[in-house]
């Protein structure tokens, strides 16, 4: 199965370990990810001030995917949701599509409905399948506990996304963790918002939002928090120290990407998966892998 | 195997309170009818309802089932088949309907109450048909955020009633803290159910009052948007209920599993977020069109209301096909007493139809 | 609060924006507020209240409020609303109106200027691509011209004719 | 096949009626000497064949002493059926006389007094069942609708009135009393006034809008009730908005249909140019047909739906300004409306004669809010009250009531047999206790004696229980017959003997369910079915104790659920008095108890009986 890789803005600059591990996992599972350097920004950051612009930028990406004739696969939950929502809206509203196409004509592109947009994890599950992934596992991670974090846009807005998970009772990420033999911690805040959406306007508020979950996990004794979105990573890993300081508490919640967990299960080394780049290191895991 | 009377003036599908009331009403008018019930026992949902009286009758109407059963059994004009399912229907020559009935499932070991199991496949000619197949309560799992089916301690109101009927709390202690959540599957555009189910407010509050009577210190919270009226002295009763339990005017955003029982997440009027644990959270499910509404509508060529119930909203009992009438809550949400009364009008209309077509088209 | 002082046209204006039409369906059940992760950490942020003020026609109060920019766009409210108000979308409509009225905070406007400048939110240069190359990752590019042309923006992110930011 | 066996059927008056025939009609097996589960025995116990008594011990059994007045044939079949129903229900029971005395009534005509949808529907339904109907309308013609009726629907019904309906235009019903065979009504029309007799009466005066008085002190120049609103004349100023306040249940919540009417007005106003509608309400009563849809349509059209706590609305500035606290925003809201629309409820004026305390204690007792009195029924059998007078919503609900009333009325009037109490004139002291206490208005005092209106009688027996002279025998239930039945039953029962008087509307059904489920009753229990707990007077309770019962439990319907309105309450009162009397005599007062019960509360009954048995064993 082939797909067009949509990296977005953050992943290729800040989350190389995520990108690296995802690409490795995809290759191991027989998925071909095609790159197009022209792909950039999904348009989400424009939405608050100018939806029409945000929609146009999203349509640009959709039009590019249409030219490749491939589904668009994103590592970022926000990009995936925004692009899927744009597709959902444009498909249902031919007038909006016509308006967008008028603008796209200026850059030599045209939007046509029917582009499949999906998150990388959802893509793994729908194309490879949980059973097949399980069958490819070579390293048993039992003894480790990962806290899956679904966040917002991996699940919502649900009507624009593939109906893989019940947004109220999501299971997919936990199943992927369990496929490696590890335990998935079903914690109360697994579908909470990380606060990344308000980081720009109210850093303190965003910190409180992320801090609540970090405190909860700090008490839960997990191997690591497992993420599938660079925005969540900004909050839970990037801001962890800052948050600990502002909350006047000590926090050391290791953070990994779920692709890294899968990669370990598939037999790859921590180096291959960029685990060295993780800032709050999952020491327990790294020690076990080294030993 | 057809060794039963091949024709009946009026065939009633559904032996709940509405079907029984229609049969009794027809018998009072001196008309013979055949009542076909899918289950082994007559009575429908009302069979599972307990008496809600505390110091006085709560006017729930559940006791009227016993009256109807006794009367239906005693009236010679009424032929009753249980475990009988209508499988197809076609307009008979001239007027009326030819309806095929088939046994629904293997025969129950013992007949329960009046009626006999359908002896086999029966093709019945009826001059008129009354559909009284009842409503379908909403499956609360369809409102995922409220945790039904996955959060321990979240049950439906009908399940609570079943516990009461079985006397579950006579053996073990009743919950000390309980929440009712209203409008589950009602007044909900996101579920495509944009109607008020009418009966759930009165139903839940009567259940709550009954619980409170058995355990006066029980802390009951009633999450709702608007309390619908129920009967003539309702405002006075409501004033009393408001003193006995907490009325919270908010729809919870979530019911989540918690260490001390299911936790209801809601907002106070001034916007403050609350998270409160209860021993038991009861979801008051709304009433929807009968499960087989589509099949029945197709079978008889019926009209359906905007909300998918059988018949037409503007005509109280006409079903949109000649000689077919609807009775009770399959036409729209109704209480037990309302269903019983409504069946009376359906019976009157069916009787008038049969009288008006007498001699026309037959033979 | 005097209702006669409100602007009854405001709600219609919000409803006319893409995604804003759900606004008027609200019957104030507060499921959105109950579920909002921001409201949990910032009690004065109350989606139901924002809808209410909008319906009451408090145009200036709503558009100038810093609270409307506190939404994290997580869609929790939209998922639980029984009336399909889709508050996230309604608020987007309101924010767009606020931005047009010049009420958007700098952080909210930053996206457009970065896009016009770099074609992406985070600039990439040689340093980034070297790092990527070391890990065997393909190079990424900045193509701001596409976005400038597409959105009719000047290279610095200002719309043509707009004064200096 | 029923699990009850008909063991023996021998009775004078049933000659020529083969037991097999009765058995088949009743749907039971005839006893062939095998195992018995339950039995109906016809004929005096003394004449029972040898060995039967032994076989009956501990089995549900009904002794039938069929009264001689019974005509045989169909009646006998019906009685046998009724007896079997009791046998099935009563479980372990032994009892004497069951059926009431029947007196045939000729078919009679019906008076429908009123106009509008309810009256026309009732006239039509009743006529369709073949009864002559006199439709007495205060108007000149039948097709005059009430304010709350759909005029088209009314004129359609009026045009289709069958020939059996005689129209009396310009005629008012001014007085109504019970009479032998039904009712006497005084009608005042163009030809003068006079009394006429009717088998049944329907009261359905047309509904009028009555303003629910949303808030006192509103400026009348700004204010209109919903039904007066002419929406086409409303539009806002060219440069601004017209504010219209729709008050829908601000003083006290409305019924759903009134709320829907207010919503329709709000929607129509909102669709007018430049009109801002503010809908003020305390509860959105959306339980009418499509009420929720309408409510949403209103909001979509721009109506500001605003909650006000009941009584929270203040009127200021000479009725031109409204103010209320808003809990959501935490501040006081103010509105100076250009137009105020107030909601209405449909009501009909109650005729003065309905307040006749001699005929019925109160309006509430005449039309009780009781599930057994739905569908137009009143506590006076044969008197039906429909439509706005009853508080029913306009439209379909009124037709529903009319149809229900017609079917029940038909059965009473179509030559069916109806029960009839017998007053022994020589013993009667004319104390009028029966006139005052009969819940159905049957006994009447006419020229120094008591006369009964049989169409109204339900055989509940309240009169017999109350009569201090014991001069009244309700149909088939005279005190001596009851005593004899008890005596027979208690003679068969083991020690300690216990008596349960079981109301057939509640306790009897509950007992039946328990028996069917194999419940083990105390060995000495005698279940004595009664039509209504109201039948169980002091003398009956004391007789049971006198005959050897250690304890008596009277089980009747819950308050507000009695088919005889207050039969259960009277019974409770009597049981209490017996209990106190026992106490005064130095006997255990707790040996007489009363239990409120519903037919679907078998466990409550089982518990109460078990407690009674335990107490009896202790004592």
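Letters are used for the chains, namely A, B, C and D, taken in the order the chains are written, and counting of residues starts over at 1 for each.
Heads up, the rule we're going with is that a contact is a pair of C-beta atoms (placed from the backbone, for glycine too) under 8 Å apart; a residue touches a chain by one contact, two chains touch by 3 or more.
Just so it is clear, the model here is predicted, and its values are computed rather than measured.
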- Note on the structure: Of A-B and C-D, the pair joined by more C-beta contact pairs is C-D
- Query: Where the centres are mean C-alpha positions, what is the separation of subunit A from subunit B, in Å?
  - Reply: 46
- Note on the structure: Whole-Å distance, C-alpha centre of subunit C to that of subunit D, is 62
- In whole angstrom, the CA-centroid distance of subunit A from subunit D equals 66
- Centre-of-Cα separation between subunit D and subunit B, whole angstrom: 22
- Item | Residues within subunit C bordering two or more other chains | 25, 27, 40, 48-49, 76, 79, 83
- Item | subunit A, residues touching no fewer than two other chains | 167-168
- Note on the structure: Listed in rising order, subunit B residues that touch 2 or more other chains are 145, 187, 189, 225, 254, 269, 271
- Message: I'd like to see which chains touch which, written out pair by pair.
- Response: A-B, A-C, B-C, B-D, C-D
- Query: Can you list the subunit A residues touching subunit B in their complex?
  - Reply: 166-169, 188
- Query: How about subunit B: which of its residues touch subunit C in the complex?
  - Reply: 145, 183, 187-191, 225, 250-254, 265-267, 269, 271-274
- Message: Can you tell me which positions in subunit D touch subunit B when the two form their complex?
- Response: 25, 78, 81-82, 85, 89, 125, 128-129, 252-253, 255-256, 283-287, 289-293, 296, 327-328, 330, 369-372, 374-375, 391, 396, 399-401, 403-404, 406-408, 410-411, 414, 505-506, 509, 557-561, 596-601, 603
- Item | Residues of subunit D that touch subunit C when the two form their complex | 241, 243, 276, 278, 284, 295-296, 299-302, 304-305, 307, 326, 328-329, 331-336
- Task: Mind listing the subunit A positions that touch subunit C in their complex?
- Result: 7, 9-10, 12-14, 16, 19-20, 23, 35, 37-38, 40-41, 45-53, 55-57, 60, 81, 89, 96, 103-104, 106-107, 151-153, 156-158, 167-168, 192-193, 195-198, 200-202, 205-206, 208-209, 212, 274
